Every structure is written in structure tokens, then in C-alpha cells.
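Should a chain be cited, it is by its letter among A, B and C, assigned in written order, with residues numbered from 1 in that chain.
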Amino acid sequence: MKKYLAILKMQVINNLAYPGDFLGRSVSIAVFLFIFAGLWQTTYIIAGTASINGLTFANMMWYLMMAETIELGRPRTNRIISEQVKNGEVAYILSKPYNFVLYHFSFGLGDGLMRIVINILVGILVTWLLAGPPPSLLGWGMALITMVGAWILHFCMMALIGLAAFVVEETNSFELIYQKFVFVLGGMMLPLDLFPQWLQEIVRVLPFPYMMYAPARLFVKPEFDLFLQMLAGQWFWVGVLVVLLALAYRGSEKVLTVNGG
Amino acid sequence: MTAIEVNQLTRAFQSKRKAAGLAASARALFQPEYNTVEAVRGISFRMEAGELLGFIGPNGAGKSTTIKMLTGILHPSSGGARVLGFTPWKEREKLAFQIGTVFGQRPQLWYHLPAIDTFLLFGKIYELDDRETQKRIDLLAEAFEIRDLLETPVRKLSLGQRMRCEVAASLLHRPKLILLDEPSIGLDVVAKQHIRDAIRRMNQEEGVGVLLTSHDAGDLEALCKRVIIVNHGQIVYEDKVSNLKRKHLTTKLVEVRYAEEVPANFRLDGVEILKVGRYGVKLRFDTDQTAVDSVLAHLSGVGELVDITISDPPLEEVIAKIYREAAPASS
Amino acid sequence: MKNIKFLFALWKANLQAALEFRAAFLTQIIFMMINNGAYFMFWFLYFDKFKNVRGWTLQDMMLLYGIAATAWGLAAYFFGHFTTLGEVIANGRLDYYLSLPKPVLLHVLASKSLGSGMGDVIYGIGSFILSGYLSWDGFLRYVLGVLAGVCIFISFLTIIQSLSFWLGNTVALSQIALSALLTFSLYPSALFNSATKFVLLTIIPAALVGTVPAEFVRSFTWSSLLQMSAGALIFLVLAVSMFRSGLRRYESGSAIQVEV
């Protein structure tokens, strides 16, 4: 276990070595929040109501802030695996006493932790200025708990896409499309509450809402029933995806040995 | 006719200096400290049209920086240069039509395409008409023996094959002068020989001038008539290659074999005895201090000679000696 | 004229290189189209609920996306080095271009082609057609708007990345600039207050690749034509002069590289 903690720590330090990139990421969240504040402010004025489908303008902004934080803090495992397959570094990692998947889990977590922290800080600042004070402590609690499951779900998806690199090398396109599905169906750009009823029903049986919508929605409106419901769904999907990932890893290990590393 | 005229050419680079550690990084962000490094310090020389000139020196001597200024890639800090009548950094495009360049570490051929495609693209870049391009490709394909390689994607060629295509590509537009920066880097003996032969041939047939940088003395010996040696950004030696040899290759190595046994106390004035065997002797002497015929006379006086070999030390050693001799003055 | 011939020769070589990896090329195109479509689902959902925001409807958003995607795609496909120019400068890879007798900036930019750009172009044209603004004069205005957009995208990134001549590595900076430009360009500037609108016309010229050309296609006005063409021209002149003055400070380098 210690060696995985060490990787995690290395990544955190690594992140601090490039202050430029670091700052760049916080600019992204500020730009995003600024644009969406413009869009929703206008929308609420036009709608002429304080709340749309139960969400106020402040709710909306804090929801978006949380969702964007998760998006920017999710692991980039597929890119790292692709890179390692292309430059041959993968052979070094496989020849060391690591579990390949756990290695990337701690690598991604170390990488993501710092980003989540900086984005939350910048996000709070910007959102507070644009939409008033943040939600209650209960909201923070529920959001943080469901973020764990959300992050693991993201990791499983990214790792699955990443393993495809053993076969096709370039996995960027897969990631882009996956990302767009999470953007829309996961509720990053628009809370599920505003979807037409029929679409809400379809989306709720997919894993995407548990990656974005769950923590963001619980953050602004911490409801206990919804919390339990989301938690159950989330960990059900974690179970499914972990099994899939384990199977896929076994398969790709074979491919790799066939290719001679 | 003068092809290149360089006058007090100087180029300095600034590099940011930063101590180790996070605190130093933060300080460097607000108060950067700079080091100025003079890569080229007041170099002056001339090169005639059609000449084969070697430009040699150790890594970091300023060879590449000089070549890059002569092609207009870099602007100098001070000093002047005329290449084929142009000031390179001011009339870069006009000059580029007249010269060819090969940077040994920077391929110009498109990696994923067969070389012929880059040749055709270069034909367009140099504004040749298609028939002219084709004629040149045929001629170069023959001179560089690359006809069979032209249609293979460059990534599948060996380094030697690729380099031949690179040099051929630089000659496509019939330049008056080619500047070759380390054309033989990383090549094996056979591949080097191949490239040198082709370059020499193009020089003889088309009169193209060749300015070549290398740290391989072999290139110099095989190709160049005249040599400029640079170190620490300055010219430390400039002369004909034959003079370089005559003046500096004054040490001779001699090996002799006799029909009878050599006396164990064999010795000779002014000669360094390297080894005395039962039937043979190996020795070294300097022709400036000891006359050749006296050595030979003495050797044949010892007994009946069966075999004799007289050789020069490798040119590399001579050049290394010149570097060492020049070092104290410049540092 | 000779430079045009040369550009065509470069594009041909790029296409030949892309066709060496035909499957990857096609995949990139198709995936980029799906990617754009998936992203646009947001606006379907949004307008399904709200219909109209400050005079912008789903149709108008399709038009705006059509223009921005086509402009971006053309820039990426024909001048693919415009997002990586800074690396070319910082790694000393300009040597190659400087040793050939053609305009350096043009030569660098056109020496790379991003296959995915073709996907953006196809998507963009499709989005424009479906937007319902297709007519003879509408098409002409669309072409003009797209050309201004291409010019702004390339010039803006060239300006930012030319800083590499002075600062060395600008990867982080150009990524920030790029994502700000792109993100803002995909939203109507009617959403923002006038100070922001001004920023989007000048420092981050996102309105010039999205909102302004889209309004110009919706209905001809001299003011939007003027904004577009003056903006494109000014940014182009700035980019070329920044790059030129940077060349004087170019430091080359000795990294071993492969020109792909």
C-alpha cells in the first residue's frame, strides 16, 4: 500500500512543479463559470421566476461550480496510458512490482487531488462573487462523500478507454466523446431536473448521472432520500465497472505479451 | 570569386539562471538573472566559390551557430557576412534559392512519406518546373545511388540511406553552395564513405561549393581542401589540409622487421623506442628534430631489413593537439 | 501566385501523409463530428425548455456553431501548426523553415494538418445548412464570416505563441488563451454586459469568430462587416509583425527532432 501512497505523493509534488499549468486550470473554471453566469442570469430574467424546476440562480451556479470541479479533477488515465504505450514506458511499469491498474489509480488521484483543491478554491471565489454565499455544511458533506464514488467511476471509465491503447494507441477521440456524454447526459452543463421527463428516465439508468449530477445536485440541495438513492446507484455502477476493468485488464495483458511488450 | 565573406561575426545567447529549489524558482519569476554566453566571438574568414571547406571543432565550439547565421536562421549580435552577395539574415529568402542546407540532426524529408514526395514538394518550394524537377531527381538518384530508395517511406530507411536522400534533396535546386552541418553524424564507415563520394562528385561536376562542419576528422581528410578549426567561438587554425598535415603530422611511427635477431640493447639518438621484440622494433620520432634519412640509414645498418612500415598518427590526434594548444589563450 | 502554388504543394503532401494512415484519418474525422454533435445536445435541451434567449433561438445557435466549427476546422486542417507554433519556436524547429526560400510563418503553419479539422468543417457546414439560413446571399455571408474566423483564430494564437521568442515555453499560456477563445466563441455575446462584450471583441476576440459573423449571416449590416474585416485585418497584421520581430531574437537549438 505504501508504494501507491508514494506515487500519489510524487504526483502532488509534480503538479506543483509547473505553476503555469496549475494556474491555467483555474482560469478554465473561472471562464466557464463566468459564461454560465451570463447565460443563466439572462435565462432567469427572461423566465421571470426565482426558481426553475426547483433550482434558484444561486443553486444553479453552485451546482455548475461543483460539476466543473469534478470534470477538471477527473483522472486523465487514458492519455497517460496512451503516452506510455507509445514511448515504451509501459514496459518499465509492468516490469516493476506494481499492480498496473492500482498504479494508475494512485497516479491519477495524486494528479487530480491538487486540481480539485485549486478548482474548488477558485470556484468558490468566483461563484461567491457571481451568485452569493455557498450551500450549507450538509451539502458539502454529501457532495464530498458522493464525489469519492464519482471519481472512482470516472477512473474506471478512463482506465477502460486507456487499456484500449494497447490495441489502438490513440485513445483521445474516445475520451472526447465520452467527455461529451458526461457533459450532457451526466448533467454537467444542465442539471437533470431541467431535462424533459422522458429523457430523465432514460438517463437515470445510465452511469453518467452518478459521475456529475449526484454530487453537484446534493451539494446545492442536500436531501437525505436522494443521497441514499444516489449512493446506492453509484456503488452499484462502481461494482459493475470494476469487474469490467479487471476483465479488460486481463485481456489487454495478454495482448501486450503477444506483442512482446 | 568569393562565395562567403565573414567579418567579425559574433553571436551571444542569454540564458536564464536559476538556483535549485522552490524559493529560488519564485525569486527567478520576479528577478530573473541572466548569463550571457558568447557562442561565436568575432569570426572572420573567406571562402571561394566551388571550394571544399571544412569547419571543425569540438561540441559547443560555435560551428552550428556560425552556419545558422550564414543561412539567415540566426541574426548575429554584431559583425557582418556576405554569402553569394547576400546578407543572409536580411535577404534570407533570396539566398535560400541559391544555397542548400543539411542539418544532420534535423531531417528535412517528411518522415511518413517516400522521399520522392519531399523532392517534388521541394521542386515547388524552389519554384522549379516539373520537368526540371524530374530531370534533377534522375541525376541525383544516380549520383547518390538512391533510385531504389525514393519510393520507400522515409521512416523505413536506414540512417545511412536517409542521409544520402537528405543530401541529395539539398542539391535539388542546383545550389551554388551547400552548407552541411554534421552530415555524417551517427553513420557507419561504409555510409560515410558513400556520402563523401557523392558530395565530391557533385563538387567536381557542378562546381558546388561545400562548407561542411564535422567533428569527424575523416570527413575533413576525405573531402576538404582547406580547414578552419574553431574552439570556444574563435578560429584557432586556418590552412590547407595538406599544410595541416605537413606542418603538424611531423611525428612518424616506424615498424621494422629484420631477418636476424635484434640486439636487446637497440637504441637510436633522437628516436623514441616504443617496443623491441626478438625480430622487430617499433619506434616514433619527430621529423623536425631527427632527419628521416638518418633514421632509415641507422635502421638498415642494424641488419637485413625484411619489412618496414612508416605511418602518420591519426589526424584526430593532431586536431586534438591544436585544441589543447589553443585553449589557454582563449579561456 | 508562386506562394499559392507552394501552399497547394504543401497541402498535397499533408494529404498524402494523412492517407498513409487512412483509417486513423477517417476515424478522426468521424469522431470529431460525433463529438461536436454530442456537445450541441446541450442546446437542444436548453432551447427545448426556453425557446429564445435575447433573440437567439436554436436555429441561431446552429448557425453560430456552424461558423465557429467551420472556421476552426479550416484553420486546423490547412494551418495545423497554429496551435503548436510556440513549441516549434521554443524547440528550435524553425531552422528547417528558415533554410527554405518561402515565407516562414506561412510555411510553418501549413506544414501540419490536423485530420480532425476536416470533421469540424463537415460538421460546421452541416450545422449551417440545418440552421435554415441557407440562401445564395446567406451562403456568401457565411463564407465571409468563416474566412474572418479562420484569420482571427490563426492570428490570435500566432500572437500569443510568438511570445515564445522572448519567453521560451508558452504551452500553458497558449492553452489558456485557446480555451478562453474557444469557450467564449461558442456563446452569443448578448449574454454578457458591455465591458465583457468589449473584451470579447479585443483582448479575447471570441465574438469575432462567433457572434459577429453569425449576426452578419442573419442579416447584412455594414457595422458587423466592418467589425469582422477590420478585426481580421488588425489581428493578422499584429500577428505577422509580432512573429517577424521575434525572428530577430530566434535562438535555434540543438534538440534532435523528427519532422512529421
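By our rule, a residue touches a chain if its C-beta (ideal position, glycine included) is under 8 Å from a C-beta of that chain, and two chains touch if they have at least 3 such contacts.
Just so it is clear, the structure is predicted and the values come from calculations on it, not from any experiment.
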{"item": "Closest chain to global C-alpha mean, per-chain Cα centroids", "value": "C"}
{"item": "Label of the chain whose CA centroid is most distant from the centroid of subunit C", "value": "B"}
{"item": "Geometric centre distance via CA averages, subunit B-subunit A, whole Å", "value": "56"}
{"item": "Computed distance of Cα centres, subunit C from subunit B, in Å", "value": "44"}
{"item": "Whole-Å gap separating subunit A and subunit C, where each centre is the average of the chain's CA atoms", "value": "28"}
{"item": "Junction residues of subunit A - those touching two or more other chains", "value": "none"}
{"item": "Residues of subunit A that touch subunit C when the two form their complex", "value": "18, 20-21, 23-24, 27-28, 31-32, 34-35, 38-39, 41-43, 46-47, 170, 173-174, 176-177, 180-181, 183-184, 189-190, 194-196, 199"}
{"item": "Interfacial residue positions of subunit C with respect to subunit B in the complex", "value": "2, 5-6, 8-10, 12-13, 16-17, 20-21, 93-96, 98-103, 168, 247-252, 254, 256-260"}
{"item": "Of subunit C, residues touching subunit A in the complex", "value": "24, 27-28, 31-32, 34-35, 38-39, 41-42, 45-46, 48-50, 52-54, 116, 171-173, 175-176, 179-180, 183-184, 187, 190-192, 196"}
{"item": "For the subunit B and subunit C complex, residues of the former touching the latter", "value": "13, 16, 64-65, 68, 71-75, 89, 92-97, 101, 103, 105-113, 117-118, 120-122, 124-127, 153"}
